[in-house]
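Below are structures written as structure tokens.
The following pair of complexes shares a single chain, subunit A, combined with subunit B in the former and subunit C in the latter.
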Partner chain A sequence: MRETVSKRAPTLNLPHIAAGEGIVAVVVVALVAYAALYASPYGLRVLTVAGVYALATIGFQIVFGLGGALSLAQGAFFGLGAYATGILGSQWGWTFAATFPVSLLVPLAVALLVGLPVLRLESHYFALATLGIAQVVHLLAVNSPGLTGGANGLPGVPGIVLFGWAVPRGLPLAAIVWSFVAIGGLIAWTLARGRWGRALTLVRDDPLAAGTLGLDVGRLRLTAFALSAVYGGAAGALAVHTQRVVSPEVLEFPVMVSILTIAVVGGRGRVAGAILGAVLLIHLPEWFRFLERSYLLVYGVALLAAIVLAPHGLTGLIDRLFPPRPKPLPIPVAPPVPQPATGPVLQIADLGKSFGGVRAVDGVSLVLDAGSITGLIGPNGSGKTTVINLVSGLERPDQGRILLSGQDITGSDISGWRPDRIARAGIARTFQAVSLPPGATVLDAVAAARLDRDRSIVEAEAHALHILGRLNAADLAPRPCADLPAALRRRVELARALARQPSVLLLDEPAAGLTDAEKADLATHLRAIAATGTALLVVEHDMGFLLPLAGHVLCLDQGRILYDGPPEGVRSDPTVVAAYLGEGAA
Partner chain B sequence: MITLQLLINGVALGAAYALVALGFVLVLNATSAVNFAQGDLVMAGGLLAVALAPHIPLPGIALLPLTILLMAALGLILALAAYLPLRNRPPVGVFISTIATGIILQNGATILFGPEPRAAPPLFSGGTVSVGGLTVAEQSLAIIAVAAILIAAQQWVFARTQLGRRLRATAQDPEMARACGVPVTAMILVTFALGTAYAGAAGLLLANRYFVTPTAGGDLILKAYIAVTIGGWGSVPGAVVGALLIALFEVGVSSVLSYPVALGALYATLLVILVARPQGLFGEAARRRA
Partner chain C sequence: MRRLLPVLLGLAIAAAGPARAESLSFPVLVPLTGFLSLEGTSQRNGAVLALKDAPASVTISSDVIDTGTSPEAAVTALERAAGRNVAAVAASMLGTQMLAMLPLAAEYKIPLVTVSGTASITEQGNPWVFRFFPGDAVTKEAHARYVVEELGKKRPALIYQTTAYGQSGKAHLTEAFKSLGADLVFEEGVDPAAKDLLPVLTKALAAKPDVLVLHLHSGPTALFIRQAAANGVEVPIVAGSAMHQPSTAALLEPAELKGVCAETAASPISGGSPEVEDFTAAYRSAFNTEPDAFALGQYDGMRMVLEAVKAGARTPDDIRKALSTGTHRGLAMTYRSDGKGNMAHSAVIVCYDGTSRVPKIAKRYDNVTGVVK
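Now for the complex of A and B:
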């Protein structure tokens, strides 16, 4: 359908719609027709349950699909929402208008309470910690019969009452539940496409780089976890209103299994995937009656098959069958230029860092002036990269001070100078091992550097394209990062750092793996960047590249500064020669 | 006297948990993969023993070699189906594939055996023995002995044999091991077989006194994880010590209060450990090599 429209009217400027969303539209129309015209009361009930699971999975897509954190607590949030509505509705006589908000707030509070510490953990610790939360909540529900009715649960939960209208079972209830799915889906879809969703996917793909691009990784993950809990709670509340009973079943592992399977089979991170997956998997045991007792076994097989054979799920397959049109490039716009700095921008005094017994950096002091290029050389393991890591906040120094334009930005728990805050203060860096998000285009990757300051994705991309143009790399913009050769990856990473408009730019071996022509080209670009007032610190092994470029050179050995002076003096300095060639050669 | 009996019960439970944790940590070290199915594999081993028992009218100890062999084969299937196709993809893929394997085992077991708790035959007679006026269940002592032999066997293989050296090399640095001519993929398969076999042995040991239900895996994987966490992520002796500590805690608190309280306290402890000392207990967070 979309194909014919685009062929007939190529000049028509239709908003871009992915095929996945197009198919969802068809599915929605078909479901509405089915529900209104053909469905039996039982069929409507199954459809309602599918809606409940779609809503829970949309929330799960935010934390798992976009944020990349495998939470096994989504079932627990579902159950908490269910119990909040169940207890307040059946025991306290509260109505929907009061119970529903509480069912959102209880999981939200639990998520915020436990999320803050466990979200810092690596992915599998996080998965197991959230599984632990789920087991504790289940244990509490079964063993507090006074509050929860214990293993038998609580009967007599009232139905939904909206503005005085008691929603009857059947079509009206299905319509209400699916209205919640529509609202929740629209909110999640908007968030996923916006700056917040982009930032979250960068946190998923490369949390280290995300921090150095000014994104608060912990806060983004916590918000995603909290939001997923709200969706889980809403789904749980609606499930209880459908069943009119709440029992420990809502907290058992099959709920989590269903949500995880729906998300992976439907397509990770996609609202469309959650809806398609829920409709398909909840109906599967209905279509194949012999599956009734063994549907969870089938879910397990489907989950395994999907993750091995089709890791992007149904929506991924649809995208492959109907590739979405590449979106047109924006018109490049120069970002507003900050006030250029003058004089000493970065001052490092007596910086030190040990790893175990190794003194990696030992009393390093240096000053970077605005518009200057400083070279940092030294044998392998001399502490060059550690200096960059200390300045950009990825490591915490044991001693010393780092001042940026006179402000103390030394990273520590007390001062609160984490990598993202240091990045926002004006320091950008590249990595020795270039890492760009594999699924992103070059334009996406560079625009990610602007997410914390530009008002929209469109604006960020326009600025990013301008920066790419400055490095003669605008033609790379639509290409996927995964396809680029090493030299171009370095160029893109430089563009990404430059897009931060930093006052200090730290480059870790920017010329490694480049040809002589490419090195000459890079040197021209670096001089042009310095000419705008940015202070550059360049870690490099290639003296033929670095010495003509740098105005000042420091040589490190075993964490100490051996040489600090003009580039001309490096080659003749006896201590530097000794450090590189061994003591006897001096 | 009761304290001593509880202590023996605790050590017996801990010895079985140690086998679970050992299998978990061996696979973790060899592949960096967290095997979420480890708990369900224990359950599968227990139910396998339950299923074999009517056909082999001998004490449980006679079922042990067959259980270990069949479970090792299951471990190979697990590695081929759920690990090898995903080894070069982001780690979350293996989390999900092993969770899926767990779901398949759990629900397959429910269909085959029903949800009721089942008991495997005791290792020997199932009676009690008196040692200096102390009456001890023979099964407890047998569990301790069998687990100790299996753990010692693993230690001996890893320390003294060519296979063990290759397995250790694979665990330390797979790239380097491959460069030195170690067949890394084969070693990973062996590790999965070994880890699964130990889970199965633990299942057989646990399934007599503590019964086995198809849904038992969730608690067991958490306990293996807590044991490995307490003992130091990746440390083999640490996993064994951690498992013993957990079991003693569980038996101790259960005897004074109740089993659900013990379990709740254990999980709460896990969360507290994660909150208070994430870096200290797990070592440095993974950093990009620069």
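Now for the complex of A and C:
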């Protein structure tokens, strides 16, 4: 068990809390004792700077660690907060009580403004775009001397004044900064442990699957980006109160590099990682200062050693040395049963989709009745998966309509029927290549399907365990998804789709790679699911599995319906035999 | 008791022993890494060379701490140094770092001895800063006066850097040229990271200037001059102080430097007096490199501090008073505070003849007020 737990990618999930955060608590107590009893003014200053970077990195952990988006704008948000405090404090005479909220709001507003277009970009394009934001803000700061003091910056930023008390340098300032770290860390930790954090982690691991599980990927990413900006702004404001001067250096790339390095060395996605990383990496160069310029070499070697020895960061190393105990499984609880549907549930009319010059789906129409099992067959490239993608919203049709219980859910820019909305309306699906988050347990993966409808993680997990039990897979619950063989991965993915309690279930080659016994077992489960009123559309190549299971079969070829009738007629239909089954199968 | 007597006597003698020299610390907090590492290293070397020859009555210690180029690192370095019987600090030449260090220096009451040219560091009303390098008000007046009065040019084109150094110089040059009746026909700021300055050179020439005035850092200065030479530009170039640095000249062939002039506080490799030549020889011997005006300015500054110590100053406040009120005949010039901590009021113009990388002093400007009339 220890081995399997240690293989998990670092997340903010519950199983990691005990050891990692426990050791961090010891470190925090030691730091408090050091600060209060031993540290010189210099030591307190370094500790204060470490607190500032810890706060900025906690925010970065949300968007980068949990959300998986390499935002290189965190340095810009840090700088925006710094300049808001610097300008308002030194030029307008505002006090901390007024400048601090503004320093949170300015980066928040910028994040919301630029986030909408930028967050649509994929991985490295997103990183480059966010880097561009930082460059633009830096140029504005340097070339607006009337407002920002230009390249010289603005001196004379006042210190923090709280309720009339001017916080002096040293221990009081360090205590204030670390209080903000504690508050910020607690908020981030709570968010990450909850449904929002789980949902964000799933968006990081598999955004396509997240959408089909009812999660609004765009909104989750935007919220994470905006939240990270607030943390960045808060850290920037505190940095300026510590330095008493603001200059373009707060917007330069080294700030971003420091935050990124702290996150990676500390442990990606972990609040504890941000704190440990900041304390270590801000102190590390100070320990080697006596080496004059050679300290950079030693610093670089130390960093390299840290990354090689602890590839998952310091918190990952702690987890490896002190593996956390697995959390106890919840008591399974059956989720509330929705009103069973009757009659036609899904109606597809004249559906069409082209990719360039290729007509992938061409005038497909079909109807799924509640409780029915419909087979969708055809040669590779005939358009089967594209039909499922069109129905689930991952692709947008060029023509045709899709009605779910009479409601038009055809995905388009105008209608706004994105995958998450379609999923929430009652359509669930599985994928041809099973898609499960590698760092999650089976229970986590299935509970993810309940995040948008259950009130808490505990409730979602109790429901998820019940669903796993229905598929005779409850014993898999604590196992990491990454360790499962193909057949069990398919079972878990089916459980996840089933946890949505859909009215329509789209299964893309569910029997691929299964043994005969496993296929028979799967068929039993699918019949049981249909018996509850769910309409099933099963894409499959294995006629021996599908034809006895399905009540109705459609065969596609080059995007068009070749056959639409009972399963008994498939093998005898000359067009199906010619295009798909071959003469020997008839 | 008789047995104890020799022991007590021995202890008393040991305690009375030869008088121990007082210990004073002069930390050197300069940028040794980052884009100002060349200049910062010159600062370091100048300070270290000066501190080698301390008065016999005191023991000198001097930690060298890299401040990088961020204000945060500079303040942290000052906080680190402050707790160690500090008498004065050789402080960074980077203006933003100085601005960040000033409040802390005032709080700890520690004199900062610097060669920063950023005008605003002596405009904060802080009595603990002393600048041993002419500020932009001085050097840019000399720069503009040489262009207008000596070269007779009336249509200057200004290319400056988009940094604190560049923006400060640009403001003073614009004002000085305006006062001299030679309004700029072109001005443009360039990023220090720009890898090709031909576009800005082309645009500047399109404005038909009769002189190209540069206020760029070392690398961009060399790049601009190389590209101007390669394109056969015949308009004279009068550059900023970065050009006088031997490390800048080393990036160019002597022929490319023909006719190029530059303003600076001093050019130790150009000689001028036996004392300056001795300094240059000692510097080469100690650091195996050529000294520049920053090294000489920092050297002069720390020598003035040590003169104060030799005269009896033992506390930071003693040294502050000595620097505030005294006069020091340094190697580059004679230093005296203007009441704000500006100690240097002279500048020189050096020019290259195209046969070597060692410039000759073409014009000296003393007692420059910074107000062009």
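In this text, the second predicted complex is superposed on the first by the 542 of 586 C-alpha atoms of A that agree within 3 Å, B and C clash if a C-alpha of one lies under 4 Å from a C-alpha of the other, contacts with A are read in each partner's own complex, and residues count from 1 in each chain.
In the analysis below, contacts are C-beta pairs under 8 Å (C-beta built on N, C-alpha and C of every residue); 3 or more make two chains touch, one makes a residue touch a chain.
Computed from a prediction, not measured in an experiment: that's the story for all the values here.
When the shared chain is aligned, subunit B comes close enough to touch A:Val308, but subunit C does not.
Once the two complexes are overlaid on the shared chain, A:Thr385 sits against subunit B while remaining clear of subunit C. Residue contacts after overlaying the shared chain place A:Leu260 against subunit B, while subunit C stays out of touching range. In the superposition on chain A, contact of A:Gln432 is made with subunit B only, not with subunit C. The larger set of touched subunit A residues comes from B, when the choice is between subunit B and subunit C. Of the two partner chains, subunit C is the only one that A:Val245 touches; subunit B does not reach it.
Of the two partner chains, subunit B and subunit C are each touched by A:Arg293.
Judged by the touch definition given at the top, the superposed model places A:Ala129 against subunit B, while subunit C stays out of reach. Judged by the touch definition given at the top, the superposed model places A:Arg45 against subunit C, while subunit B stays out of reach. Using the contact criterion defined above for the overlaid structures, shared-chain residue A:Gly153 touches subunit C, although it does not reach subunit B.
Shared contact residues of subunit A, touching subunit B in one structure and subunit C in the other: 142-143, 293, 296. Only residues 40-42, 45-46, 49, 142-143, 145, 150-153, 155-156, 169, 239, 242-245, 247-249, 252, 254, 286, 289-290, 292-293, 295-296 of subunit A touch subunit C when the two sit together in their complex. On the subunit A side of its complex with subunit B, the touching residues are 68, 70, 114, 117-118, 120-125, 127-129, 131-133, 135-136, 139-140, 142-143, 208, 253, 257, 260, 264, 293-294, 296-297, 299-301, 303-304, 307-308, 311, 385, 388-389, 394, 431-433, 435, 508. By the touch rule above, subunit B contacts subunit A in their complex via residues 34, 36, 81-82, 85-86, 89, 91-93, 95-97, 99-104, 106-108, 110-111, 215, 218-219, 221-222, 225, 260, 263-264, 267-268, 270-271, 274-275, 278, 282, 285-290.
In the complex of the two chains, the subunit C residues touching subunit A come out as 32-33, 37, 63-66, 69-72, 75-77, 79-80, 82-83, 95-96, 99-100, 102-103, 107, 118, 120, 124, 162-168, 189.
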